[in-house]
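Okay, so chain A shows up in both of these, paired with chain B first and chain C after.
This part shows the complex of A and B:
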């Protein structure tokens, strides 16, 4: 292609890149505003961030009308799939901004950098959702990782926070290195880094399957690190425990969902061929990578759930539970069908509500009673009934009990798995057994809150919950139940979003 | 015929063999007459004093990071300069935006005071280090003389 054509494509792409450009502008504006405002704790930074997010939201919705296109010379894709994820990320960011405003933990620190970093993180997530070139994927993942390190250590005077950041950074560097090595092997095998072209080359001729297997496993190290799947999960409990709780909530959804976006796009475009009649992808080359991911999914669920049983700290328990949920969401990826991808997307939205909600209740209790131990949660239901009941809803949903959203999400995942055929029945059984295990440790929190007596020395007087908290709880809790009863709109959105480039 | 990677492998092997052969040759041919002054570190630096695991001023990292940003800018400027003539105004505007974004960053670190180097209140006496150096120098000369 001539240079002028490349330039023209880049200029034409700008129109499709509007949400990201606006977000970049917002970040610059916030940096300048931070300098001009001088005051360390001015509410303006969060207001600018919220207004900016609103503008970006409109730009994203507007993208539905522009249609699917590959932009910047096939570096990024604008399609329903990426728009869906961008909406999810932006929703996460907006909610985390609200959580951060209320957080007592963050009140001692300057907020200017905090909100600016949060917006840069969102930009990185947007890029992850739309990247279609291995180098773009890598850069997007690094952008997300490096900003996450800074946000995790944001409470730098707290020892655990610094420790978490350091561990996160070391794991991040290691897994990025592995992933880059895998990408280089893939480049050596196919001679291209564009995932469409990788798919074409792999469909066109036989490749050395051992080398391909090694490269896919190495690349999976980078992706698995982002979604915290076994065996790349070691960072997550320490990081979730040490980070400021709003950031923990963000990390358990934003980068995780982005990791799924990258995994689905990479495996379904680069390593499989779409069969339009059967609405099914066929794995390319002679390695059976769906079974590899199936093993990873089974290990992730089982380990996450079993280790969660032994936890005393609610934040740590939720960290392990979020590892387990990454395993559940992977069930939709292994089956390689539209139905599977659709189930995963649905589950991620449901997970957004119930997981953010559970973390939010932890934030509330942590701010008031100053502890996140299960033992200190004893009798909280009588002292603060509204957050306790909300916690019940979120935990039932996380377990997957009807009539909550979590049940519908899991139902779709298992349905896709059963439909895919007998080779995945074992995985469905593992998943079901895991749900039983999950019920046990979620019930421990509920038992402490509802049935245990208040510990001696703690005054039984009711806790004051501000209306702001109650509103936020309602914003998260009502959809958790509502989607469990009437899920058609969300199901429509998810099934509409399975379409990604190349268009089929 | 060698493929592309074959010639790289050849280059690697040749490089390794070349170094080994030369070291081996010089070892066989040299005359050896070591004495302490000859074995001492000279021209390549100083004798190490104490452990190298000392506390580093954290400021070095901040400065290094800021340096890195502008290093990357230069890396981008080179290919830009090569194609500048073909692209004309478009490239100029693009680079202005890029440099502008970096300038915002520079203004930020400047205003936040990260470019300032805070000096420690009490500077340790330089005498302390000098006597140490003199002592070790004396030790070497003594050992040479004996």
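This part shows the complex of A and C:
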């Protein structure tokens, strides 16, 4: 391709890159605004971030009309798949901004950089969802990781927070080193870094399967770190416990969903062939990666759930539960059908509501009673009925009980798994057994809140819950139930978003 | 002309040394240095394969890795310094506040 064509393609791509460009502009604006507003601790930074997010939201929705296209010389893709994830990330960011405004942990600190970093993190997630080239995948993952390190450490006067950030940084650097070595082997096998070309080369040529296996396992280290799957989950409980709770909530959804976007795109494009008639992918013959991911999924679910049983700290318990949920969502990836991808996308949205909701209740109680231990949650239902009932809804949904959204999400995942044939029946059984285990430890929190007596020495008077909190709880809690009863619109959106370039 | 496989052996050895360093060393600074060693092994592999295939995107990747690695080390060292200021330790086994 001539140089002029390359330049022309870059310039034409700018139009499709509008949400990311706006986000970059917003970040620059916020850095300047922070300098000007530094003296007064004002709510302006959060307001700028919210208005900016609103503008970006319109730009993303507008992308549906532009149609699917590969931009910047096949570095990024704009398609329904990436737009879906961008909407999910932006929704996460907006809610986390609202949670951060309310958070007591952050009050009294300068929050200018906090919101700026949050918006840069969102930009990184956008890039992860649309990356189609190993360089962009790597840069996007690094952008997300490095900003997360800084955000986790934001309460730097608290030693727990610094310790969490440091552990996160070392695990992150280590796993990205492993991923890069995997990418370099893949590059050596194929001679290209574009995932579509990698797919073509691997399909057309007999490559050394051992080298390919090693490279895929190493690449999975980097991706697995992002979604916190076994055996790259070690960072997650410590980081979730030490980080400011709004950031914990963000990390349990944003980077995790972005990791799924990268995994689905990479494995389905680079390591499988698409069969348009049957609407499913076929894994390359010389590497059985669906079985590898199936084993990872089973191990992730089981470990997350079993270790969660022994936890006394609610934030740590939710950390292990979110590891387990990454395992559930992987079920949709192993079956390699549109139905499976669709189930994963649906589950991620459902997970967004229920998990953010659960973390938000923890934030509320943490701010008021100053503790996140299950023992200190005793009798809270009588002191603060609204958050306690909301917590009940979120935990039922996380378990997967009807009539909540979590039930529908799990139903789709298991349906896709069963439909894929007897090869994966064992995985479905492991998944169902895990749901039972999960019920036990979620019920422990509920039992403490609803049935245990208030501990001695704690005054039984009702807690004051501000209307702001109640509104946010409603925003998260009502969809959790509503989607469980009427899920057609969300299901339509998810099935529409399975399409990614250029397999359809 | 040295065959490409020699470079690959060298980079594999460097990479494994880096991994061993991360797993065995208990000093934070040395862990960061070991991670650098891993990344440099990756760089060597990329340059070798880039030369082998006669295309340059591998070498471009190396530049990106260098930039990202320095950003990562920048944040990593800043974190080490924050912790060191409060309590003068660089031994990772002493970081055990969380999870108790």
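By definition in this document, the second predicted complex is superposed on the first by the 501 of 504 C-alpha atoms of A that agree within 3 Å, B and C clash if a C-alpha of one lies under 4 Å from a C-alpha of the other, contacts with A are read in each partner's own complex, and residues count from 1 in each chain.
FYI, a residue touches a chain if its C-beta (ideal position, glycine included) is under 8 Å from a C-beta of that chain, and two chains touch if they have at least 3 such contacts.
Just so you know, these numbers come straight off a predicted model, no measurement behind them.
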- Message: Is A:173 touching anything from chain B or chain C once the two structures are fitted on A? First, second, both or neither.
- Response: second
- Query: If you stack the two complexes on chain A, which partner ends up touching A:488: first (chain B), second (chain C), both, or neither?
  - Reply: neither
- Query: Touching A:187, do we find chain B (first), chain C (second), both, or neither?
  - Reply: second
- If you stack the two complexes on chain A, which partner ends up touching A:32: first (chain B), second (chain C), both, or neither? first
- Message: In this superposition, which partner touches a larger number of chain A residues, chain B or chain C?
- Response: C
- Query: First (chain B), second (chain C), both or neither: which does A:149 touch?
  - Reply: second
- Message: After the superposition on A, what does A:3 contact: first (chain B), second (chain C), both or neither?
- Response: first
- Return first, second, both or neither, reflecting whether A:159 touches chain B, chain C, both chains, or no partner chain. second
- Query: Of the residues on chain A, which ones does chain B touch that chain C also touches?
  - Reply: none
- Task: Enumerate the contact residues on chain B facing chain A in the complex.
- Result: 83, 86-87, 90, 101, 104-105, 107-108, 111-112
- Item | Residue ranges of chain A in contact with chain C within the complex | 134-135, 138-139, 142, 145-146, 149-150, 153, 156, 159-160, 162-167, 169-170, 172-174, 176-178, 180-181, 183-185, 187-188, 191-193, 237-238, 241-242, 316
- Query: For chain C, which residues count as touching chain A in their complex?
  - Reply: 8, 15, 18, 22, 28, 31-32, 35, 38-39, 41-42, 45-46, 48-50, 52-53, 55, 57-58, 60-61, 64-65, 68, 71-73, 75-76, 79-80, 82-83, 86-87, 92, 95, 97-99
- Note on the structure: So, in the complex, the side of chain A touching chain B is made of residues 3-4, 7, 11, 28, 31-32, 34-35
